[in-house]
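The following blocks contain the structures, represented as structure tokens.
One chain, subunit A, links the two complexes that follow: it is found with subunit B in the first and with subunit C in the second.
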Partner chain A sequence: MDIVGFIVKLFLSPQVFAPIVFPGLLTALVVLLIIIWAERKIAARIQMRVGPLYVTRHLGGVLQMLADGTRYMFQEFIVPETADRIPFIVAPILALTLAILPFAFIPSAPGFSPISSPLTLPAVLAVISAIPISVLLMGWASNNKFSIQGAVREAFMSLGYEVPLFISAISMSILYGTMSLEEMVTKQFIPGLILNPIAAFTFLVSMIMSAGKLPFDIVEGEQEIVAGPYVEYTGIIFGIGMGLAYLKLYALSLIYTIIFLSGWEPLPKLLYDIYPGIAGIFLFVKAFLLMLFIVFLRSVYGRYRLDQALKIGWRVYFVLSIVSLILSLGLRVILNV
Partner chain B sequence: MLSMSSEFVSSRLLFKEGDESTYELFIGPQHPASGHMRFIVRLKGDIIVSVDPDIGYVHRTMEKLAEGREAIKAIPLLERLTIIDSHNVTVALVTALERLLDAEPPPRALYLRTLLSEINRIASHLYGMGIAGIMLNHSTMFMWAFGDREVWIQLAEELTGARLTHTYSIPGGVRRDLPQGFKEKFEKAARYMEKRLQDYMKIFLLNPQIASRYEGVGILKKSEARRLSIVGPNLRASGVKYDARLADDYGAYKELEFEVPVREEGDCMARMLVRVEEIKQSLSIIRQVLEKMPSGPIFAEKYLKLLPPKTREQVLKTGHVKLPGIFASLKLPAGEAVARAEMGHGEIFYHIVSDGSTKPYRLRVVTPSFRNVVLFRYLPPGHRFMDFPAIYGSLDYFPPEADR
Partner chain C sequence: MSNSVKNFPRHIEAIWTGLKYLVKPNRMTVYYPEYFVEPPEGYRGLIRYYPDKCIQCGLCAMVCPAGAMKMYVKKGEKKGRPGVNYQRCIFCGFCVDICPQDALEMTKIHDVAFEKFEDLVFPPEKMALEPVSPALKMGAKKVKPVFDEERGLRHESA
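And then the complex of A and B:
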């Protein structure tokens, strides 16, 4: 009986439950299925279409993505003869691992952090910023002209968005006086979005760039380079490449909610008393709504050109992030929070 | 792989230009945005050095096929050149045949031809705008334009009985009279279209993101446009006021008032805006046509009297023309005839040579896309690689039409 008790205790500990179940991996996979479906349904509604429908018709085709994923599973995985075999196979696995890793740092309720550290914010951003390296490796190992173009675009873009992303996040941590994601929520007497709107906006745009959503889906650039770094991939690995952007978006949305939208507040006391692991329901809802907004942009915008996106990153949002940094310093002096 | 000592490798396609510092990309024929053709794009960094459009993937020997069959059968055949604009593509052929046969269509038939031509033009422009939208990954523009094109296809179906392959104009007239209640249906469609054009402007052309992709990109100068003999909206966007509707006498355009939209900028944005303006002009032309439509026969007296009396009565009563038996072996008088018409993509030109037999000795067709394809060589160099789809979309190029 002791062993069962130990397993249950282990499973319910924040170190396992948060990254694996909620809001981590399993929730992320469900979100992945629903958000892609929602994106297609929103776009379909705007574009006078029906959208996915025929899989589970009475549920509006919500399981379409599961059906697609199953199809990917049974598709042959081809390694091209000209590809660099080992990096070609390792790179997507590395990318997926790095995309899941941020959930090890994201707390879902007060006192329910998987890793209790004063430095969870830089850690989670560091992990997310390592994903482009594996995408770069995918593109290079594929040894295809389009995929190399895509890899180069990924490299350019990651430089373009990561600097404003980091600086706007750091400016908030200066404002709150902490680099721990959990403490950041407790420090927000009003949401960070109102305290420093410039940082919030800069982070949002950098986030969209990072996740490669429209109008910044430059890396995949279907009309120019087919699928960018993923062009040689088939089967489930191609599916992973597709899901990668959404996993990244989900992790970044959670971080955005924690930094700017006062995280899990208001905390449902009842749920917290039952089990703290499921008390982060508002964190999840806010993050999901944010994701819905970002995928909605697909129906409004086309794609920016690479040099335009870089110009936006460096000349507009880099400057704005510096302004937000100064604003945070000023607020810190005045408010003395 | 291509490390051969000589500069030229056996095939033209593997011809190497310059040194290793250019990056060669083969866009198409199996590429999401190439259409039925291939572009060999050479890049230096992110800048396009040269583009080699490689056409001919959908060559269907249209001219030769037309020479092997009776003249009247060329109409449904050549419709397939540009299935999205199938009346405009054949109206010039019919005009040329009429000039050769010396058959004068009655005025009502001319008005009906103009009506269908303009419906086709709107549908064709919507198609082009939709493709231009998806080239920038703007899926909403793509879906909206393709969805709204359906309205005009259905109007054309109402008039002719077929959604795309109308085969409406025949030497001497048209095949069907105006159906009842067409005017009301058109008014409904026109009101819808005017509302939708504003929506298109809001979401697409006035959208700052799209404007930044289009403005100042792919500029075609007036002199260059003339020198390369570009046609259609691409020419008019560069400030040259040339329209085959005014240049040649076909349809009822002589009796109608319309403007030829011209813009001076010559960039991608100007080309798109000219199309939007042309849709508006087409709506006004159709309104005038429906107002001024004269009553009378829709088929030339010359051919009508060849029909047996009973059939002739039926034709006059129902407004559905039955082709006289002579049409199957209509002898073209020896001689030549030319005609041109303005399609959605630009001017189409027909030259028919006959030696007096039932089949044309030579049927030459110069399509607008074939004349515009040269722009792929001239416009993209110097631009960023990502401008290539923007330029392609704005040119409204249709490979099957160019390849014939």
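And then the complex of A and C:
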């Protein structure tokens, strides 16, 4: 039996390649490094500053996050005496696991989905909506005023965004008549953004709320509660807490691209013939541009208050998501796509 | 809901303004260690002391509102000479104003850093030395800010 051939075949199978390499974990880490740098650089450009520069000056300081990450790696991981020890250590690991898990459901090219199931959309949303529980656990186990405040805010916020997120996603699945992410792309003769703009807008805003980016970075609340649930964490675990929001954002951007921006279309035939795993390049590019737009919002907006965010979550976006559901039903009846 | 609808164009406007600045940035800061923005006239930086002019009257220590200025009396002398503790100094410049002999002067140097708290205490001997800006020592280019009708602020080499 050819062992090397077997390992190569295993590595190139969609069940391993898609979640681990592209568009999964490794790509996500690279995206993480670049997007945080881009966020700081974009904010600096708009606020008339320079931004990070001195690490790799010729490239505009692109490796700044790598330097910061290395610093986190060598910092001591302190468990506070008053913290609940086991949940304190387990919670961030659980959070990271749950943040990586969505990549097991996201297809990157036709016929190249890690898990082929007719129910990948609700599955991936369910996994993402489980992350706040681990964040809650982090805040509770830290036994600190600020972290409990942050955890409670997370709980409130997840009530605010979860419902519009699910309803707007489900309205699209009604429109396409399928709940599989892979089939959704094939059903989009024109992008879902044009078919149901209300659902697209609601999903976008709920997505920003879910990822905790400005104008909804209420959970972290840098100026009020320091870093929210992550305040007691040090070293690499703090890095994980920071990266968590971006991983969530990346996963949700991929889902948004698949549902509303017609996914990997137009499919590069040449790449697909070489190896289907790398044919999802346009999916990645679209998701990355979307992420850039979302991090750009940081420099435009201030932060919403918790009550304001909950108010718009329930009074505006919940209503809008119901409207998008009705619109989808109407389109389904008229167009019969 | 009606309020949100009314505010929607404003959100678009805000994002549009942000995008405009993103495409056409208007940078107002300079690369610090390479460029040094010259402070304006009357800037209150580190205090320099001229021992030759000093009549050791002690007015500077008396007027100091933060209790940063102190008279250091050497053994065998009756009157002391001023020394400053920058942990306390608020750079108000009262000591400089009150000095009858102009023996104290405010320099424009401000970008110094110290490793230890003890280094912040300047005895008279240390105050008498010319303070050095580390950036200028490393050969930073001096620039001065100029108001511009279009850009708001730009920097010219001084």
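Everything below uses one rule, namely that the second predicted complex is superposed on the first by the 336 of 337 C-alpha atoms of A that agree within 3 Å, B and C clash if a C-alpha of one lies under 4 Å from a C-alpha of the other, contacts with A are read in each partner's own complex, and residues count from 1 in each chain.
As a working rule, contacts are C-beta pairs under 8 Å (C-beta built on N, C-alpha and C of every residue); 3 or more make two chains touch, one makes a residue touch a chain.
Treat the numbers as computed from the prediction; the structure is a model and nothing was measured.
Annotation: superposed three-chain arrangement on subunit A; subunit B versus subunit C shows a clash. Annotation for subunit A, partner touching more residues between subunit B and subunit C: B.
By the touch criterion defined above, A:48 reaches both subunit B and subunit C. When the shared chain is aligned, subunit C comes close enough to touch A:316, but subunit B does not.
In the superposition on chain A, A:332 makes contact with neither subunit B nor subunit C.
In the superposed pair of complexes, A:303 makes contact with subunit B only, with no contact to subunit C. Across the superposed pair, subunit B and subunit C both touch subunit A at residues 46, 48-49, 299-301. Within the complex formed with subunit B, the residues of subunit A that make contact are 43, 46-49, 145-146, 149, 214-215, 217-218, 221-224, 226, 298-308.
Those residues of subunit B that touch subunit A in the complex are listed here as 23-26, 31-33, 46, 133-141, 143-144, 147, 203, 207, 209-210, 212-213, 384-389.
Residues 1, 4, 14-15, 17-19, 21-22, 25-29, 31 of subunit C are the ones that touch subunit A when the two sit in their complex. By the touch rule above, subunit A contacts subunit C in their complex via residues 42, 45-46, 48-50, 53, 296-297, 299-301, 312, 315-316, 319.
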